[in-house]
Amino acid sequence: MKSRSLVLWGIILLLLLALPAIAQAFGGNFYVGFATRVLILVLAASSLRLLIGELGLVSFGHAAFFGTGAFVVAILSKELTAPVGLLPGTDSAWIAWPMAVLVSALLAVVIGMVSLRTKGPYFIMITLAFAQMTFYLFESLKMYGGDEGINIAHRSRVGFGLDLGDNVTFYYVVLAVVALGHLFFHFVVGSPLGRVMKGIKENEIRMQALGYRTYWYKLMVFAIAGAAAGLSGALLANQNSYASPNLFSWLQSGHLLIMVILGGAVSFWGGAVGAIAFCLLEEVLPHLTKYWQIAMGVFVILVVMRVPEGLTGLRFRFRLPKGGSVTPVVKLTTSEVKNG
Amino acid sequence: ADPVKIGFIGSLTGPLSTLSTDMKDGFNLALKHKGGKFGGADTVIVYGDDQANPDTGKQVYERLAKSENVDIITGMAFTNVMLAVAPAAFKDKIFFVNSNAGPKELAGASCNYYYFNPTWHTSALSEAAGRFANQKGYKRMFVVAPNYQAGREHVDGFDKEYTGEIAGRAYNKIGQLDFSVEIGQIRAANPDAVFFALWGPMAINFVKQFNQAGLNKKIDLVTAGFAVDADILPALGDAAVGIYNTSQWSPDFTNPVNKKFVEDFEKEYKRPASIYASQGYEVGLLLDAAIRDSKGKHKDNKVLHDALMAAKYDSVRGYFKFASNQNPTQHVYLRQVVKNDKGQLTNKTVSTTPVHADKSDPYVGECKIAAQ
Amino acid sequence: MLLFLFEQLLNGVQFGLMLFLLSAGLTLVFGIMNMINLAHGSLYMIGAYLIATLTLTTGSFLFGLVAGVALTAAIGILLEMSLLRRLYDKDHLTQVLVTFGIILIANQAVQEIWGAQPIMISTPDLLSSSVPLIGDFEYPGFRLFIIAVGLLIAGLLALLIKKTRVGMWIRAGASDREMACAMGANINLVFSLVFGLGAALCAIAGGLLGPLLSINVGMGESILILAFVVVVIGGIGSVQGALAGALLVGMVDALGRTMIPMVLRGFLEQGLADSLASTLSAVSIYLLMALVLYWKPQGLFSR
Amino acid sequence: MAEQVLSVKGLVKRFGGLVATDYVDFDIDDNQIHALIGPNGAGKTTFVSQLAGGLHPDDGSISFYGSDITRLSMADRAHMGLVRSYQITSIFRNLTVYENLAISVQSRLKSTFNFFGKSAADRLREEVAAVALRIELADELDTLACHLSYGQQRQLEIGLALALNPRLLLLDEPMAGLSPDQVPWFVDFIKSLKGKDLSILLIEHDMDAVFKLSDRISVLVSGKRIFSGTPDEVKNSAEVKRAYLGD
Amino acid sequence: MSLLKLTSVEAGYGASQVLFGIDFQINEGEVVTLLGRNGMGKSTTIKTICGLLKPRRGSVRFNGAEVAGMATERISRMGIGLVPEGRRIFPNLTVYENLVAFARPGKWTLEHAYKLFPVLEKRKDNMGFQLSGGEQQMLAIARALLTNARLLLIDEATEGLAPLIRQEIWRCLHEVKKEGQSILVIDKYVQNLIDLADRHYFIENGRIGWTGSSEQLSEQPEIWERYLGV
């Protein structure tokens, strides 16, 4: 069992490492770029999954952090040529990326402080509200590109003789960052903190009665997830050499949510699997049929109805005896049940 | 000759798809008129859907450029998508032939050897609208535009030419549904006319509600041609009748190229040709001429560039040439929405004397294109 | 000046009631049946298209409205019986995803059937003129009509939910479906009908807003978020809440758009003031929502 | 006189027009089981919720081992050793018994952020095992809580509270729903809890259990404390009979 | 003819079977109890009768008609009233609404119910979730009575009630019985049940273990010992 999963991981790792070579053999730099993009979204989706699957917080505003990360990188690079802001610009990854993480974490703290007072659908909507605010803000900030966004002259510099402008190099750097991100998530989920998160998801009031100031725990994890989404946004800005306010749009948040649910929120790899599936669908379906939106709709509905636990749940299909069930994601009820 | 591969990136699905769909159909009609071969070369068109989202546009571009290896990119409808895609295309040395209004960056400081705009410059129509307002003798005008880059460019363009008093300005948010507030402000300001630079559903919402409020009886509407063109008129109905608008093209232009285009478009697609369709058609004509004049050497960037710059063909607009910034120099005419004899709404050229003649954009001076 | 403010207030009320028409159905399905239905916007779109087409072909707005509403309700019921009914006991995320799938399908289907170009319903002649209110101040008759219909529907719905047995069944079924069945209520049927009612309200909104707004593919999504904002501000499941929320949103939006530019132009340079004002008024309703939820985390009319 | 664990002065809670807690004074002594009985709707649960911090009183004060806790949060009170259990079983159903107890223990040890210490992990394991032994669930550590029998779930419910090493345990109808054969075991179990530094406030409608367990009984009617005394005094009080016990 | 008759009923949840062939019957006007320890399948039997759980095998006949597999609400309308385990009152309805929403005409009226539980009248405008545990229990009983069902199924109705109220409920059930109401009761106060009921069924591991009349039961305390552990 243990050794089998090691072998499996070995294979996946090898595939990921060999991907650029394979892609180029099949005739396309494009697929390296595509894979990089997918990896970046995997990080964003996994960070949202952490919130939904482990803590039961359904955020409809995750794009706010994603976009913020991207804009931090873009603005810093823009200030390089036209220093009007408070900060001198920079294109060093060692400064820009941590800044992206920091700023999105801070934003998450601010948004979280207000949003976490609410629950269930109210939380969904208030996070959406904040994301919309950031969207309109960036869309009308002429100084930072307005609705036309910011073009980034060249990708961040990491030193060590690595040129991120090269797609393959960039792919490996992204792979490393995303892998580290997941190691971190894995560590958090398995730690005592992870246990507290599960407890809060199941029964927050009881957690308070057991001595946890749940609000602060939620805020902390919200900030962690925001920071990770910010990092992924920073990577995307690099990948695209461009940042636009569309990154903040509710559709972007919606897509991240869809990835998570498609993959299965309760499983650690749900976000990753969902992101990969979603990107592949988006890329492949339009080639297959003119009616790709209908096809996408039907696919999504089928997955959700037939495999409620998400694509990662398919794995269980082969292991659990019939009738075995996987615990569902939190059911958000509008009426708080009276306790005791 | 080498085959030519053209990437057409458009907003082909979703609520904003009408612009690109018209462009695409116009473009395809041109290809058809040329027997399926631009300039005699085997022509392959690859389509990509940007969903009106710059990030998606960028992705689609990557696929067309890196996986499909296209020679030329065209089709985009929205400035923000263009601005996201353009730098990448320039870096990859792929020609970007704009098929819709071009932003000022690409006409001025950020103009590029690989960028051609044969259609119109964003503020060109608004400038003409301002000039028309002067001619018409409107003393006080109210301006409505969406609060984003292109919207502000329109307002600036109008302001630049209009010499009367601005009675008020309202910037609405993009995709706004309800204009009652702006209409209230207009009523309170009581101007002679309103200039609005709205497009798509926003234009529809505004004009309908303007009429609902009964303001059309007292106050004229002036706009740029795209706001009340063939794609939108059916949704506006009689509310649109009488609206003045400025445009580089009109379906009733009598030059033979345009006549053929307008007739065949309606026959082929069962709907009247719009300004966007004319732009798509025009791009097709331009590419045809340039590839023809490259004489089989269109894979050579310098040859293709020079052929594009000097392309000789008859434009649907009658008169057109590239300025030194590779943006258009052309006439802008005044049109008015009328009902034709079949009871359909259409635009009619008010006067064959252009409002603005032989006009290029104001940013020519800022543009320095280095020879490659 | 006072008259101007009054007009803008009226505009706010009117816009609010427009939103209410849409939110009412949403709050029924969302709050009372505890189901997040993103496809609500699609039903609104389908309703508008059907009514426009029927009006155009028969020439009668009234007939178009009635027949279109009935058809949309039927579509809603069909959708509920075939698919959505299985979602009631699922978590909200599942509902979001499935109904998102429906949006995709509906949008493309509508585009295939009616084309991508926006279409039109014209205002019925009877209501197309303006009505003098105070002195020579006139207000569009059709907008007054919307105000009236909005208020009427608010009243009827409140009655249905609060005072009738079916209303009690609906609420009982929402909180404990099994138990409501065990007490003898046919919750399946009741829910189908409620869903149909929600769809009918969508269609009414589509029919009434059609003459004012653009009818195009995707028209539902742009207004759906606003409707959700209204529902949440008001407190999920409360019809009065939806009404209050809608009026509040309408008012804040209208006054924000009126006042903020006026105030800012007082002390800022013109260009900056305009763009700042428009940003602020764009976020004003979201700000409103955040404030309301900060103060009352369960919305205004929470239990 | 024994040390006072809890002292409540003039506590008031209103729900609209209804006074659910009506100027209640109330003390609990050290090492005692103090039962709170009263008719349905008398305000017992409301009272307990205020003690635990789930509800905020409109007036009055609560002090715990001499310090005023009226305004403290539920979590702070729990850390001070004032812990409640719930009338409706309120465990983490989708976690194992081990994880349930670990959540509680690590709250007491404040070791949630002790990510790396090996000793912390060992300590946690030991403490969980000790609690599990005490609530007789040592063999079920890896069972999902939802797969426990009803009685075991009630045990776990109390175990969660117990793992915090409380000094005062508030038990709201701990025996609700148990079948008659399980009640005696549970009574013994609760009795065994009492001891050094642990007092219990017990709410229960099963009078046999109440009389067997409690050192002192208070009677709450319509939000007012109408009687307080030893079990025998309560049994013989006409007032209590009329209001609550019947005959 | 019997009012309710279960023959070899098997039922369960998902993969786990709980009932392994239950046979019993209730005649018109009879009060019958179902006794057993925690988790033996008492509540499951009740759920199977009123259709909340579909039996896997066997037949449930009510009033002569086969109801196994029928929709819950149809069974209910044939005349079965339920006081479920755990009260399950509707939290978002007021007390008044909880009572009238499902009421059917008959002997039991609102006034009647208020007289039985005066506290409900005092709280009639409160939402269900605001009631105390015991008040909720009273509401659940009153709600079932107001459906004027031919057969009442009462699952642990005295759970969490004060002794005085408990007495009141027993008294009330006696009264209802006198009026000819058929009842199936589950409760843990065996002595009270012996006083009230005509016949008793003991259930163990999903099967009926012992059945007999009240006299037989009170003469054989070893039965209690065997099935209830007391």
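The first chain written gets the first letter, and so on, giving A, B, C, D and E; residue counts start at 1 in each chain.
One rule holds in what follows: a residue touches a chain if its C-beta (ideal position, glycine included) is under 8 Å from a C-beta of that chain, and two chains touch if they have at least 3 such contacts.
Because the structure is a prediction, the values reported are computed rather than measured.
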{"item": "Shared interface partners, meaning chains that touch chain B and chain D", "value": "A"}
{"item": "Result of counting contacting C-beta pairs for D-E and A-C, higher pair", "value": "A-C"}
{"item": "Chain whose Cα centroid lies at the greatest distance from that of chain E", "value": "B"}
{"item": "Chain centre separation (chain D, chain E; CA means) in Å", "value": "31"}
{"item": "Computed distance of Cα centres, chain C from chain B, in Å", "value": "34"}
{"item": "Centroid spacing, where centroids are CA-atom means, of chain C and chain E in whole angstrom", "value": "45"}
{"item": "Set of chain D residues in contact with two or more other chains", "value": "45, 87"}
{"item": "Multi-partner residues of chain A (each touching 2 or more other chains)", "value": "136, 139-140, 142, 293, 335"}
{"item": "Residues of chain C whose C-beta touches two or more other chains", "value": "107-108, 175, 237, 275, 278-279, 282, 303"}
{"item": "Chain C residues within the chain E interface of the complex", "value": "165, 168-169, 171-172, 174-176, 178-188, 237, 303"}
{"item": "List of chain D residues in touch with chain E within their complex", "value": "15, 37-43, 45, 87, 149-151, 173, 176-182, 205, 207, 243-246"}
{"item": "Residue numbers on chain A that touch chain B, as the complex places them", "value": "27-31, 33-34, 37, 136, 139-140, 142, 146-149, 151, 236, 240-242, 244, 246-247, 249, 251, 286, 293"}
{"item": "Complex interface listing, chain B residues touching chain C", "value": "13-15, 17-18, 21, 147, 152, 169-173, 175, 177-178, 180-182, 184-185, 187-188, 200-202, 204-205, 208-209, 212-214, 231-232, 234-238, 271"}
{"item": "Touch list for chain D against partner chain A, complex", "value": "45, 48-49, 52, 54, 73-76, 78-79, 83-84, 86-88, 90-95, 99, 102-104, 106-108, 111-115, 124, 160-161, 164, 172"}
